[in-house]
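Listed next: structures, encoded as structure tokens.
Shared between the two complexes below is chain A, which has chain B as its partner in the first and chain C in the second.
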Partner chain A sequence: MQDSLSLDLVDTFAAIILLTDFMLVASGRMRSLTRLFAIQSLALGGLAAVVAFETKAENIYIIAVLSVALKAIVIPRFIDYTTEKIQVKKEVEPLIKIPGSLLICAALALLAYYVTEPIMDLGTAITGNCLAISFATVLIGLFLMVSRRKAITEAIGLLVVENGVFLAAIAMTYSMPMIVELGVFFDVFVGVVIMVVFAFRINRTFDSIDATSLRGLKD
Partner chain B sequence: MISENLFLLLLAIAFLGAPIAALSNARPSLSTKVAFGVSSLSSLLGLVVAADVLLNGGFEVEIPLHSIFGTFSFSVDGLSAIFLLTISLVTFAVSLYSLGYVGHYKGKYPIGLMGFFFILFYASMVMVVTSSNAIMFLIMWETMSVCSYFLVIYESRERGTVGSGLFYLVMTHIGTAAITVGFILMYTQSGSFDFSSFGSAASGMSGLMRSSVFVLWLIGFGTKAGIIPLHIWLPMAHPAAPSNISALMSAVMVKTAIYMLVRCYFDFLGVQDPWWGVLVLAVGSISALLGVMYALIESDIKRMLAFSTVENMGIILIALGTAMLFQSYGLSEFAALALIAALMHVLSHALFKSLLFMGAGSVLYAAHTRNMEMLGGLAKRMPYTSLFFFIGVLSVAAIPPTAGFVSEWMIFQSMLQSFNFPDMVVKVIMPVSLGTLAITGAMAAATFLKAFGITFLARPRSEEAEQAKEVPRTMLVGMGTMAALCVLVGVLSFSILPVLDNAASPLIGASIADQLTNGLMINIDLPTGGRFSQVSPVFIAVLLAIIFPTVFLLAGRYGGRGKVVQADTWDCGTPLTSRTEYTGRGFSNPINRMFSWVYRPKREFQATARPSPYVKTDMRYTSTVVPVFERYMYDPVVAFVRWAAKKFSVIQTGSIQTYLGYIFVMLVLLLLAMRW
Partner chain C sequence: MLIEVLQMLLILAIAPLVTGLIRKFKAFFQGRQGPSMLQPYRDLAKLFRKDSVVSKDTSWIFMAAPYVCMTAVITAALMVPFFTSTSANFLGDLIVVVYLFGMMRFFLALSGLDAGSSFGGMGSSREMTVSVLVEPTILLSIFTMALITGTTVLGQISESLATSGLDLVRPALFLAFAAFFISTLAENARVPVDNPATHLELTMIHEAMILEHSGKQLALMEWSSMTKLVLYMALMANIFFPWGIAIEISAVAIGIGLLAVLIKIFLFALAIAVIESSMAKMRLFRLPNLLTVSFTLSLLAVVSFYIL
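And now, the complex of A and B:
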């Protein structure tokens, strides 16, 4: 029988994740984007820790710790440092205005619940509710990438997508094999480093990190 | 046992030698020696292996490589051995030739790289004809295509070379796509990619399936073989490639396609429907006739030779089609005859075409031009080259006792057996094809008469031709080997044909070695008894060897010398220069006019008007031939692709967000579709 406290904790963390998704979309400042992402990663780490406690699988603890260390501390710091360094404007510069974005994201969340409904009915795992949230997180992260102008917001969008995938993995199968998780972490870290380096380059070439100015590169 | 190890040694030498050749690139003369030393050594090994297999039977070597596609192994049977022999023979001679030929690339292009691709090209061809698994075969086939592509674009700073190479690459991949689909269809039937499983699976296949596989393979391998209308990469790639490479590509690479056609049709699918044979026969006839017609009006030597390759592949396909037709009516003895004729032509074409390409390369080496109208008078300046080229010309024109004569004679004989067909339609089709082959032969003779006459005889038409000198000895050795083989294979054909029969009989199910030769004679016997015809190249050779000196002696002795008067030739008051010589275009113009509905020539004559109508100083005459296939078949396709690409380019906005948006929208749509 499942411990109701664990269940509550899992649900709380999942709710925080979904909430931060919407706050990410709603926030207009670069600085708060990284903060919110750090909070989301913390919640994800907490969720993983609860799952680890419940299933008594040590490797999930390791993953939880890694997740917090990397995604809640290292990467946000790194991005903040970069934004300071290249002195971008503090505004997010959305292509779609924030109220509209929020409406679209609400629709995406509904879509996520709609799509996962048949799977959730089958679910017996303690993390059952998380699947819809993970879908929502992936979709909203992707939406962030599509609708925001700056190269650094693209990076954060990608990281949010990755959080969603990570959540899905925990929700469905109590995490993937250790080696796969480690590989994913490494991948994300390298991905972020590359994106930030590119942001530097774009900045130097175009005097802004507006990724739309790459348009001139096509033939 | 021993030939297995030699075969592996061959591959080991090639794979070790290729990187060494590339690494020694900084020292051109060293890398020349390494590269072509390695290729001649491994091709010698290939000769030994092939000879051993032909005499003592085949073998199979398994590669200890576990894959989901079945067992990867090399298997060498009689048919493989024939092609291995041909490939190795030509590669050996071309390697010797290349030792001298690449000298003029020194300091201009990286010789080590050419050596690298040359060796790999040879090794990949060897593996193509010995693979016994479809996936392994495709890998080798692709390696062969890519190596030859890099060799074609070797002179990359010349104008048009890279474009020709790209065209070749595209065409060869269209072919590979068709081949791959054919193999996958076979896989769905047999459940395995092993060639050994294909044969047994074919009997259980539906008629439609068998026919689709047949057509796919004909398109796929036909592209490599250069059948019309898939031939157009040949006349582009061959002039662009270095001459030693053209020799290799034209003489043996296109033959790998013939190998696979024989293997696929006779070994895997089995020939049952008569229309297959008719189709191959028709394609072959068209290729042979149009190929030689385009060759005849060409004044670029290498383009002319490329068109001649199209023609000869057509002739081989005619023989193959005849064999398929006989086989589909169960007349397996005649089928064996036609298949042996096809294999013989494979061998003889490899010999004379590599010889001719090497000869063209020597002309290019000495006179720096491929344009016949700029050449002339080379017979005096390059006596050995012209002698060897002349032997090649004799062979391509099927003059006895050369190899080309024997193979074409055999093809004619096998087609003349068409009265044995029970079907009236086929009885009518065969003579038509026979007539095509006959006119092809005549026009081939005219083509090479022109090529030899304009290039080597008369007076030089340009400064370069005047300055030409004989080529280095290694090049002469390479050409001489092939020239000697052209004659020897023809003269000794009575001992070669039974070997070919040995290779063909397992595919056909009938051996005719006993009837085929009788001492020094080649016989064509009817199964009902009675002799159809016979010929003996040996006797012809001996007779020629006796008659020519005799006539010469007799004429010298009894004909009298006559009085020698030294005076100017009557020249109508204008001094005789090379400008008054007969030109190549002049030679081929009657044919051009006769077949103007094929060539669609465009002539233009311009003369600047002068006060007196009798003195015209500035005259210009241009005559161009419409490339029918390019204009009416390929250009519309290319135009359509470009048009479509332009229309689609609106989705390429250049903005990352848009591209991400595509992914996003697609994802949402897929999720919705899944939920429904």
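And now, the complex of A and C:
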């Protein structure tokens, strides 16, 4: 049933997702972070659309459209708007320097491949290859959350993790039931709103959104 | 054998022209008229006619280095496919080519150190810092192509990619190409790694190493670096996008192959000129970021070959 064109497309989108993972780690500016996240979500939407076309499951189309609308347009704009409003510095301020981060993430990608390799042989889904990439995306998202200092960059890490989970869901099961996906989208959106509002409050109380300074007590 | 020698002579002959072309493009972007594209030939001819001044503190390495560099480049030019995919395969495969460039770099760095000037040493140490990340990147990105096509011989890589149409095109190819392109800029002392147009003490890498050379030796150094740039372009053209290269040896095929490779080199020269006109040189301490990105890209290319 699978023709090679859609397989190629899936592979290409998956490669773009992996590439944006690494560019997220490598980029030093807040603006490019949100932009890269938007590109990644766009690639994810494209991948979902190809899967929908291939499996003829209409509900994945809806999910693809929602993914693009919400994660590629609304959330990045919202984050950009907030960073402009609270006037944080444009630099990302990683705790681990960028070359080191990149090497760690390359190791994480290898680990993801190593972990998923035994499972990949069992799968029959056309997108089975994406499992390793989704694992790598989750791991790199977690790494972004741990190694970046600002509250907003940590939010982006969480969004990347969510992208990875979404990719895994598509890769393994041709996506979860519609209602679950909608719930997840809603959760993510509300999560981002809460986090950004929270960052806003942190900024007002502490005059910075450096998450490490949260440890200090303040009366 | 004749065809390989012909390819090698052609690469050596057009090398100054390509450098002149990049300068002309850059002059165009800066709104200048710029020197003629043939100026590098005139510079080389003039340098070859001049006497060389050699410091009495230097050892034989200083005199030998230009010849070693030129020999390495000529040998590599025999092995890199240019307009046909038949290259001197009996000499070795892609690993030999990469390490011929490695040898060239090594002797360049040694001769920079040899004269004992502080700039030379600075240039050598910077060159080595850069090459630590560039060399594995180049190897990995060419290895990706070797994995895709199942051979490590450069000519066969481009042949099987050119004949199989789009079947072998994978995401790994583009990742590897991006990595290789960044490495090409770094290896050939182009912006954003080095600026070939200045002799500013604080920033120069390549120019600092050849600062002490003069006359014939300087001409050989310059010519070998120009040829190296063309070789890297030919590698990019014929390994990643070999379409159009002559597979069999006939007048028509070679004509098409020659045209194709010249167009590709023209485009790469344009791309380099655009990058050099639109970007500033990077601070030396920010260079590892860029180079690690290109290294990770090439690593990803290899990994994605297995994953996807």
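Going forward, the second predicted complex is superposed on the first by the 215 of 219 C-alpha atoms of A that agree within 3 Å, B and C clash if a C-alpha of one lies under 4 Å from a C-alpha of the other, contacts with A are read in each partner's own complex, and residues count from 1 in each chain.
Here is the rule we go by: a residue touches a chain if its C-beta (ideal position, glycine included) is under 8 Å from a C-beta of that chain, and two chains touch if they have at least 3 such contacts.
Just so it is clear, the model here is predicted, and its values are computed rather than measured.
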Ask   = For the three-chain model obtained by superposing on chain A, do chain B and chain C clash or fit?
value = fit
Task = Considering only touches as defined above, state whether A:37 meets chain B (first), chain C (second), both or neither.
result = neither
Ask   = Is A:147 in contact with chain B, with chain C, with both, or with neither (first, second, both, neither)?
value = first
Message = For A:139, using the defined touch cut-off, is the partner it touches chain B, chain C, both, or neither? Pick first, second, both or neither.
response = first
Request  = Pick one for A:185: touches chain B only (first), chain C only (second), both, or neither.
outcome  = neither
Task = Based on the superposed arrangement, let me know which partner A:98 touches: chain B (first), chain C (second), both, or neither?
result = second
Inquiry  = Output check: A:111 vs chain B and chain C. Expected answer is one of first, second, both, neither. What do you get?
reply    = first
Note = Minimum Cα separation between chain B and chain C after superposition, in Å, equals 17
Note = Where chain B and chain C land on the same part of chain A: residues none
Remark   = Given the complex, residues on chain A that touch chain C span 11-12, 14-16, 18-19, 22-23, 26, 28, 98-99, 102-103, 105-106, 109-110, 113, 129, 132-133
Inquiry  = Help me check something: in the complex, which residues belonging to chain C touch chain A?
reply    = 170-172, 174-175, 288-289, 291-293, 295-297, 299-300, 303-304, 306-308
Query = chain A touches which residues of chain B in the complex?
reply = 652-657, 660-661, 663-664, 667-668, 671-672, 674-675
Query = In their complex, what parts of chain A are in touch with chain B?
reply = 95, 108, 111, 114-115, 117-118, 135, 139, 142-143, 145-149, 154, 211-212, 214-218
